[in-house]
Structures are given as structure tokens and as C-alpha cells.
Amino acid sequence: MTPIGSRPPSVDTTALRKVQPRFSGIESGHGACQGCGQALAARLVLEAAGPDVIVANATGCLEIFTTPWPQSAWTVPWIHSLFENAAAVAAGIEVALRAQGRTTRVLAFAGDGGTFDIGFQALSGMLERNHDVLFVCFDNEAYMNTGVQRSGSTPHGAWTNTSPAGRVRQGKRHFKKDLLAIIAAHGIPYAATASVAYPSDLRAKVRRALDVSGPSFLLLHSPCPLGWGHDSALTISVDRLAVETGLFPILEMERGHVVGSMKIRNPRPVHEYALPQFRFRHLLAETPEAREELEHLQALADANIERYGLLSDAPGPRDSGGADTVRRGGSRWG
Amino acid sequence: MVEIRIHGRGGQGNVLAAYLLATAAFFEEKFSQAFPSFGAERRGAPITAFVRIDSTPILRRSQVTSPRYLILADDGLLRVPETLSGLSPEGAILVNSPHAPEDLRKHLEEEGVSVGPHVRIATIPATRLALEALGRPIPNAPLLSAFLSLTGTLSTESLGRAFAERFSGDLLAKNLALVSSGASLVAANLWKEPIHA
Amino acid sequence: MGIDKERPASSVRVNAGGFALPGTSRMNHTGSWRLERPLYVTSPSPCHGACPAHEEIPVYLDHLAMDRPRQAWEALVAANPLPAVTGRVCPHPCETACHRGSYDTAVSIHSAERFLGDMALREGWPYPGLDGDQREEAVAVVGAGPSGLSCAYHLRRVGYRVTLFEALPEAGGTCRIIPDYRLPAEILSREVERILATGIDFRPGQKLGREISLEELEEGFSAVFLAPGRQKNRIYSVDHALPGDLHHGLDLLWEWRNVGSLPRWDRAVVVGGGNTAVDLARTLLRTGSREVHVVTDEELPGLPSPTGRGAMPAIAREVAMALEEGVRIHTGRRIGRLILREERVIAVELLHALKEIEGQTPVHRAFSGTETILETDAVIPAVGQEVDPAGIERLLGNRTFLSLLPTGQVEGETRIFAGGDACPGGGIVSQAVGSGHHGARRIDALLRQKTLSPESPPSPIPFTSLNLAYFEERPAYVPRERHGEARTGFSEIETTGPADEIRTEADRCFSCGHCLECDNCWTLCPDGAVLRTAGIPGIPVPYVFDYDYCKGCGLCAQECPSGHIRMSPEP
Amino acid sequence: MREALEGSQAIARAVALCRPQVVAAYPITPQTHIVEALARLIADDLLEAELVSVESEFSAASVVLGAASAGSRSYTASASQGILLMSEVLYNISGLRVPVVLTCANRAVSSPVSIWNDHQDSMAVRDSGWIQLYCADNQEAVDTTIQAFRISERTELPVMVCVDGFTLTHTLEPIDLPEAGQVDAFLPPFRFSRSLSTARPLTQGTLVSPEFFTEMRALQHGAFALAEQEILAADRDFAGLVGRDSGGFLRVEGDREAEVAILAMGSVYGTLKDAHRSGLLGRPVRLLCLRAFRPFPAGAIREAAEGLSDLIILDRSLSPGSGGIVAHEIRSALYGSGKGPRIVNFAVGLGGRNVPGEIFREMLEALEKDPPAFSFFDLDSGKLPLPSDSVMPPS
């Protein structure tokens, strides 16, 4: 068929890229999977942070798919050291910049494994020592780089290769670690959760985090089509459901206190979230065990809604139904 | 020794395809070997897997750099520069493609991709067959059976047994149906040659 | 390899620490991964599909919403040169079809159309697109109603010489008799004048079959477009009885328009369910009648009809207003007998009746034993008109309308085209405009010897193709209307909305199948493979896909709010 | 200026003279005194640096990695388990070619737990790509620390200065500390060519495919050839300023023409030299003190071994199941270089066991008794279990 609307031959994309009205911290040509939530999330974070940053990146997909030597997708100064030390490397960069009187901001990037689990100690130390670093956890709820194994962030009931669903097991037995509460206990100036399904909110939080001095933390839900087992086109839709079910609450904390949340306008049942995802498909089976686990998942979502008061009283521009309303002619994604 | 290189994309089951071929050879009491290109490729990225089949024990552990045969999981892979690398000048390529081999060759020449004059090409619309039968675009079964039929390397029954090792029930039945339909789409033994070629 | 072998310098050489240079991933063309590619595809919106004038509604609403009213109007008049008229009188099927209606409330499209029409008149904007190459061929257009005017206008836009013949002294056709409270005469005149000023040779007082003949037109012009309308009243009688002073509804409306007075009846019965009946009934109320009845065997329009009963063809909103104003509408009734004293009617006998649509043909039934008497001073038939066969007998044969070929010509003809009320499927102004435009395109195709494929009705983008997560319920604009006492005169009932409110209303448009320029695709592509081109000279689209890097994940198509992106197998 | 200083204090003062901008460390015996001293210098504004008291050695190494990458001279110190916990980062620092100086207050590695001195910790990371320089006394520790910064920054290789725990770190003796001006003249301000900077936003720490990995490693290995020159140049240039050297790759002393030699690394060498001077050895002996273990100075060792019939190598670490580590490397350096000496390898002073001067004469006497290629020389076999002893603990 004749491609309609394909690139007119006269368009010089190289020139066009130079005049894009946004900062591109990750360039095209990286090797992320189709529909990768993390690739999108990282680009959005850097769009909001701008070019005057240095990134310390933990081991993980983001590191691998952006830096197959001699190529790099990054346009900001970037260093990868190890899996568990992104926070510490970032801390070192930050003190060095402070010592040199430089004002460049420091970001630490890690997946949930590098944050909830192996990188947790270094993160806690970095927060405690009050380094002026924004730590961003790209939370895709399992070890995806190694081929989908469960992490401390994997939600209850989710299938992974090390929490498989079988005859006597319904996926992960344990609960998703309440990392935000632990982060909150450090009393840092700013901590928040965000989702790739709500880019405006996400970017506002990056800017807010960079506005404070001292450590800040962003838990950024970013679906993994491979590990969650959903169609690559559904990355945003699925993550919107993560928010609208209450399974992933969108919160903002200052000094450990919840100061804001994204209200849910129309709470969705968890089975709608489970349906497009392979990792939850076993919960939809017609067995008592599956039903019980699905109900359990629903209860966990309900508990989140109750705990953080996520139900919306009246529709608003910042609730889950209004936060990404289109604006004609762009620019809503401030 | 027959050396085969399978080109596909992460997530399409190409490594599984290699394992299936090697397993099928095992059922015919041949010596075989299948392994992926160990890498960090993501879903969708071009990847390769290798198969060796011989009547004597296989000692080689190196990658297959000059294969006799290529099996391509989609015709777009012909545009990936590494795909044709090292293919024997008398080699053959089986492509999952809705296009006729001549059209494919012509199209590639227009794009400046040169397939050697003695390299044979065959195509089968494996994705369409798989979508019809499985509802998912996993081209393995028709592609592998067509390959075996073309080369006469192994019987499609052995391939069926290899499938039975990994699948069961309805999915197995559908795959077995695809094995027969794939084989029937090509001329049997068109590429046949002695196994010690 | 080997310890003592010098090797030629490689193009890629390692460095200390294995660092890489920024942005070098661009050398990796991940577009090769793609099995499907996204395409920006403009699909017909449901409003466009429903618009008889084929207006590109999302396009002009977009301009309007983005505060570009002149571009909005120019996009509008690319289809319809009479927006101030249609914005007032069209029953706007576009709004019925509007997908927003399935979400909260349909966009008030007619308010936008009317606003733009008025603004153009106020600002004196000339039609765009008339300065192209002029052509030698001359085309005759017969009838200066909305269809003929539209055809003439569209022919001028493609450069033809146009002569427009009109039997009456003025252009405007049946639109002239629409009462001022719906369509002020001045608005019509100004839009008509603007069309005539596009270089059309306007010949008023030239009636086919009287001053001019079809043969002369065929002789003198490369093509002919006939839009004579329906000028001949249908014969009306009840049991062959007729009052001596029988006036036809249409004639009375013309009389009101031309003379400014009407016979004085204290009570009147208007027969018929169309716009003429309703317009006349409301005009009579405004000119002194105390009691005005409308009798029709049809249902009220705009109601769900479970039995397939025919509804009044009059515009539902106008019927509703007539009822508000005090017109008494007797639906499901038929006049069974006129009660005459001398030749004067003093009452009518009403019967329960209904009109059913069986297949395509209406069947009228009446039921005896249900008679009632309605006293009145006049019975005014407004039961429709027919094509005046004068001068076109050859074309009509034994039909009462002009039958068209799929290519636009009158059946049996090669150079004679037709449109408007004289052809089947007419009835409302926007249909007439659409048929004129269609005729102009067909004539152009004939004269340029182009083949136009037969037009299949555009299949509008389904509601399910929209991603509603990106829309928010928003209060709709409600047109301001005069009510009660304020609605007894001939001042316009509905007023043109204020610019800010209309702009806000236009912004409610989902832009079904069109680009909202919302930046979703640009923002959400994980591969940075969507590039924004808006504002860059020489690139007519707001975004382009960079297929060098697009992996074909489909996310952009999924998240496009308006269904403007489609995934298509790799060529 | 001469001062009576504990080794740790002296090392801290030497570090301070090098004006590091970032110091990161985690407490572990016997390294603590160094970092505590630096903390006091910072508290008293005698050193302008950021002290990052991290939550683990892993983070200590990670912080200096980050800080040096961001363009600041950075220093850390550790020992024993701390070095092992750091080991993943140590490989990473050297692979990234980041200049960093680390003091290893050498200590045994558990289990069994021992807080006392041997070389097991630094030997455990000998392949991590760090330059390793072993100090025989605290003056060398001071001078080597200062030289280490220049070597590291010129070669873009990290340097581990190995100082025997307790034996040196906790020993007070008069030390000649160079003047600040002397150090400034010797050590220019820190400059790292690949410093993280928005002006030149490089990507560091990439994934390298098999296609390029060997070349990357070859490049790193090749940097150690440059390091050999820089070690010698630093020692020579520093000696030019202060009038004493630290031994370059290795010292050759004692009876240079003797056919028997003893080689040691670290503080044991002082005791050995004393035994020689005191005539305790009973025969002419060539004394070898190996300072540079990485890069391994094979050529210098071959030269130093010229004319030897017997070479005793003292090892203060062990590769269980194999033997002494230093001896292995020296044996391989001498292999094939004509008629090499007989090599006798003694492990001594493991886990802090005292190494007295008399022991060297016993070693020399042992040469006459056809000793095995490797043995624990200070082993008290009476403390080993008898074959009849139960392997089970008493219930």
C-alpha cells in the first residue's frame, strides 16, 4: 500500500531534530524493546530536568539498551558503575561538584532491583547524608534485564520466572515492598510517585524535586511490555489502569508527610488491569484459588485507596481523569 | 555438517526454533547443536541463533560464521546488513514472506542489497499461516517444516516430535497442523544435498 | 590477530575506560525492527459524513479553537459559500452524528458555522481561492437558489466562466421566504451578493422555457447545471372541494416577503408537516392570527418512532419553537372534509390518521369514526411543490423530478447536470449547497476529461477509534434564544454567540480522525521517532514519523485521542 | 619538617598535603585512625575537603569513583573485609580508568576473624587493575602516598598504597613531612580528561561486546607499562625535592654480590634489614624489598636476581591449595631467564604473627635442609590437631 502521511522526502530529520522544542536527553537509536516504558520515562525525566545534569545510572535495562559501545543514546554526561551503587556514585559526583562550586544537578537512575533490593543500602545512606541528588527509580516491578525475576517491588500475585504460577502457587506470595514509606522515614525534603501514563504530572514532579535542595526521590512506574506480558502498544493504557485501580498510588511527600495525591476519578476493578497482562493472567482462571488471589489484589488496591484517601470528591484537572486531558495545539505536557 | 543460521527478532521464538531443529535431529539419532547469540538484545531487536547437524559428534563451539542455510523470520531482516554475512555463495535462504522469491530479490536489488547469483531463495507466508492457526504471529512451525522439506535434512515427523516435547494439547495440535501445511508449500528435496556437504 | 601481525587501523578503535560520545545511538537504525508502521491518516469525521454540504467540520473548528477565525472561515467556505445562512437554517445533522454526543453533549457546530459566517460578513472577507488559472469554458447555471449559487461558486473556484440564470429578479431561491426570525433577509442578501461578486454573469428574470431554452444553453455553453427547484404547488383538494380564496402556503410566504402583508384570518389551519407549514404557521401568529393550527398525519419530528411512522419533515427545533409560541399542531390527523359556507371555509373535519413508511414509499391511512370538528377561517395547504416542467420537458419525461446518473448528469444527457430540490434527496439548504458543489466537481471532471470514481459515502471513523482517556467532560455552549414575549416579532430568535464562548465550544471538538496537534505521539514515543514540525515552514503536517528509528510498537496509535494514527503492515 | 607521628596520622597529613577535594570512608580497623585524622584536619579547617562518611566500604569506593569522575581529587582508605566488600567497585574504578588513591591498612581476611596484619586483603584484589605499592616504613608510606596521586592522575589508573596494619599504621616514629610548597610543586592540581561535564557529555561505563572487549582490556593492560615509567619518575622527582627515595620498583640492598637473597614486602623488610645490619644473618645476604607489585616489575626482578643461587621469598598472604602469591609471580618472572636461582617460599606473619629478626637466620639455615618449595615457616606444628583428634566438637 502507499504510505499515507509518511515522511515527505524533503524533510531532513537530522535538521528537524535540532529544532525540536524540547530537550532530548536520550536520543533515538537505543535498543529498548518496542513500547518500553522505561525508555519513555527516562526521556521524560530528562526533558523536565534539562541538559544541566549528570546522571549516575545503575545496572539494568536502561543502562544496557542505551550504551552498547561505541554507541550511546545519552546526550547528558552519564556514568554507569554497578548495580547497587548508583546512589553512592551520584553522592560522590554531588560532593565533587559542591567542592568545585559547580551547580550542575545530579540524578541517579535505577530500576526497582537497584532501588528496592540491591541498591537499597546505598540509597538509604545517600538520603541520610542529605546529598543534593534526585534519585529516580524506574519501577517495572521485576528484574527485567535478567529475564523477568521477582524483586521486592513485584506486586502480590504477579507471575515472574522466579515466582511462577503453578499448581500450588499463584505468583508472588509476598507483597510489594512499601518503599515510599521507608523513603519517607528518612524525612527527605521531597519524595513522590509518578506514572508514565501521566507525563505532565511526572515532569512537574521532576521539576519540583530539582527545586528543593537536598535529596529527593521519585518512584516512577514504567511498564515493561516484555515482563508484564502486554502488547507493546498498551504501555500507557496499562499504566493508567495501575493508577486508576489504586494499585499504584500517585503521591507526593514533603519531609515524610503526604502532601498531595492524584485522586482517582473512576476507580477501575483490578481485573481490568490484570486482563491485558500475562503476569496476572493466572488470576483470571476459573478456580477458587485464582479468584481468591484476584480478590486479594483488589483488597490491596482498596486498601491503598483508603489509606491515602484517593477517591475523588469531584472531577478535577489533577485527578486521574483530568490530569492528561488533551490540549489542542500541544503544550499541555508542560 | 549442516550449519544453519536463524535470523529473527527478540521475542519471536527464534531461539526456540533453533532448539526445535536440534531436537528433531536428535530424534533421528543425528548429532546436533543449537545455541543463541548470547547478547543483550531486546524484544524486537534483530537476533541470531545457530544450528549444526551432523552424523558424527560435533565438537565445534564457535559461532556459525559461514552458514549453508539462512532461515529468516521476516523479510525485513534482509535489510539488516549482518544477515547475509558469510552465507555460502551456493547457500540458500528460506524467508518468511508473503512475497515471491523473485519479487523479493528484485526489491532488494532496488534497495542495493545484493544476494549472490547462486544463492537460492524460497519464501513461505508463515506469519499468515500462524495467525490463522494460532492467532499469534509465531512463524516457527511452518518455517521449520518448509525448511526440512526443502533440504530433506530431517523428516517433518521428527520436527513434530520436537514440538511434542515442548507443547501439548490444543497448542501442539495446531502446531502440528502448521508443520504439515508449511511442508506442503514447498517443493520437497529441492535443496537436498548430502549431509557431509 | 596473532601477536606479531600488524592490522590496518579499524574504523572503530577502543578508548580508555570505554567511553562513548553523546547521541551516537543515532547510527543504530532501529527502524529495521519494525513490522508495522504508524501512519497519520485523516479519516472522515462523523459530522463530515453527516454534513450534506460536506463541510470539513473538524478542520474549521480546529482553526477556530486555535483563534484563527479567518482560516476557519476559509476552510468552511471551501465547501459551503453560505455559512451564515446554513448556520441559521440547517437542522445540523452533523450535531446528531457528533461523537461527542456519545460522551457528553454534541458540539454546537451550527453555532460555530453561524459565528464564522457572520464574522466574515462583518469583516468583509472575500472568498479565498478565486485567483487561480481562469479557464475558457463557459458553464450555464439555471436557478440562483442555494444549489445553483453553490455550483456557480465552485465552478468559479476552479476558473470557469459562469452565467447564472434566474427567473426571479433576485437570487436566493427558496431561502428568500424563510422568515426573518430564522434568517434575516439581509444576511441572505449579503452572502448571495458575495457569491455573485465572484465574477459570475448573473442574469435575473430569465426563466427556462420562457426567456431561454435548453437548446440555446446547450449551444452556447460547454455544460449546463440545472437547479430550478420546485416551484409548482401540488394540487390540493379534499373531495374535490376547495374554498374560493384558496392560498397555497408557499405563495403566502412569498407574498409576505415581497409585499409585506398577509390576509387577516382570526383562525387558520395549515395543512402539512414541512418547513413551509411551520414557517407559515409561525408567521401567521406574528401577523395577527389568534389561532393557528397545523394538521399533519405525521409524528412530531425528533422522537424515537417505534413503528416506522413518518415524522414531520420540518426541522425539529423549529417545530418545538412553534409549539412554544402557541401554534397548535395536530399530529396523526388528516382533514377528512372541508366544511364550507358559500365558498368560504368555516371548519374542517379531522380524522385520526397516520403515515407509515413501508419500504421507501409512504402509506397514508385514515380511520373513520374518529371525526372531530375544528373551526377555522382558512385552510392553507402547504403540502409540497413539484418541479415546473416548463423548458425541461425533454429531461423530465414522465417523472416529476430530474433523475441523475452516478456521474452527475441528468439521465440520458452528457453535458446537462442538475442539483437541488429538483432532484431526489433534497429538501434542506445544506443539501442544495452540497449538490451544487457536487455538480461543479462533476462538470469540472467532464471538461477536464478526468475520471472521478463514483463517490461512495465516506465511512466515518468509529467511536471506538477514539481514546477517551484524553478528553474531559466540558459544559457545552447553549445558543442564546429569545423566549416568550420577546419572540413575537420578526427579530431573530437565536443570536450569534460571543467569540470567546464559540471558540471554547469549537475546542470541545474531538477532531475525530483529524490531528489535534495534542503532542501525544510526540510526547509518548519511547523511541523519539516522532518529530514535531508545527511552525516549520514548508512542512504542511504537524508531525512526521522518523522511520529510521520507529520500531512500530503502536503506542502512538493507541494513545492518539482522535484516531488519526493507523498501524499498517510494512510495505 | 620532622615530627613524631603515628603512622596513620602521618599518612593523613600526607593525604592532606595533596589537597584532595573528596574523602569517603567507612570505619574498619586498622584503617580508622587515618580517616579520623583527616576528619580532624577538615574540622579544624586545615584541609578543605568534603568528608563523606558512608554506610559501607562499597559506597566509599563508589563515592570516590563518582567524585573523581566528576573531576575532584578523591581518596579513600580501608582494610581487610572492607577491601573485599569494595572489590566489585575496585574493578570498576580501574576499568573506567578513574584516578583514585586508596590506602590499604593491610589486614588478614576472615574467617577466622583476625584484625591483625598480613597482606591477604590487597592480594585478594591484585587482579582488579589497581597499581599496588607496598610500603616498608611510615616515611615510605608518606612519600608513596604523595607520589601515588601523581602516578594515578598521569596514568588514569587507581593506586592502592599498601601499609601494614598496626605494624605501621599504629606505630609512632619521627617522620619527615614535606612542605606544602614541595608537594604543590610535585603534584599539579587535579585534572581528569574524561571528567563528567555538560560541556563534553561523555557516556561512561558502557556495554562492550566480544568484538571489542579484548582491545579494551589490552588498552588497560598497556596502561601499566606507562605506569612503570611513572612510578620510577615519581620516585625520582620526589627524591629530587625531599632528598630520599622510596625504592622505585624494588630495593636491592645488603650484600649485593651475595648468592643468597631474601625478598620481602612491607614492614618485615625493616626487621630483615636490621637483622642484616646486626649480623644476625650469619652470612652475606642480598636483601630485596619489593615495592611495586602492580605493575609487576619482572625486568627489575630478573636484574635483582642476577647471580643468585638461592632466593628466599617471604609471603604474608596465601593462596590456599597453591602457596605464596608473591613467590608465584617472581618464579614466573624468573622462569626461562637462563640459570635462575632456587626459589624457596616461606609464608610468615600471617594474621599478625610477630616476625622477629632471628627468624631470617633460621630461614637461611633451612636452605641447607632441602626445604619444600613452599612452607609455613613460623608454623608451630604442635598446635595442629593430631590425626586421632575428633573432627566433631565435644557434645
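First chain written, first letter: the chains are A, B, C and D, and each begins at residue 1.
The working rule: a residue touches a chain if its C-beta (ideal position, glycine included) is under 8 Å from a C-beta of that chain, and two chains touch if they have at least 3 such contacts.
From a predicted model like this one, the values you see are computed outputs, not experimental measurements.
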Quiz item: More contacting C-beta pairs: B-C or C-D?
Solution: C-D
Exercise. Taking all protein C-alpha atoms shown, work out their mean, then name the chain whose own C-alpha mean is nearest to it.
Key: A
Exercise. Find the geometric centre of each of chain C and chain D from their Cα atoms only, then give the gap between the two centres in Å, rounded to an integer.
Key: 90
Exercise. Averaging only over C-alpha atoms, locate the centres of chain B and chain D and give their separation in whole Å.
Key: 57
Quiz item: chain B to chain C: how many Å between their CA centres?
Solution: 58
Quiz item: Counting in whole Å, what is the centre-to-centre distance of chain A and chain C, each centre being its mean C-alpha position?
Solution: 49
Quiz item: Multi-chain contacts in chain D: which residues touch at least two other chains?
Solution: 96, 201-209, 212
Quiz item: Can you list the residues of chain A that touch 2 or more other chains?
Solution: 31-32, 34, 36, 64, 66-70, 72, 74-76, 225, 232
Exercise. Quick one: which residues in chain C touch 2 or more of the other chains?
Key: 12, 18, 20-22, 30, 33, 551, 553
Quiz prompt | Residues of chain B touching chain C in the complex | solution = 9, 44-46, 74, 76-77, 79-80, 137
Quiz item: If you look only at chain D, which of its residues touch chain C in the complex?
Solution: 95-98, 156, 194, 201-206, 208, 212, 215-216, 219-220, 223
Quiz item: Tell me, which parts of chain D touch chain A in their complex?
Solution: 21-22, 24, 49-50, 52-56, 58-59, 62-72, 74, 88-89, 92, 96, 196-198, 200-209, 212
Quiz item: Which residues, counting only chain B, touch chain A once they are in their complex?
Solution: 10-11, 40-45
Self-check item: chain B contact footprint on chain C (complex, rising order)
Solution: 30, 32-35, 551, 553, 570
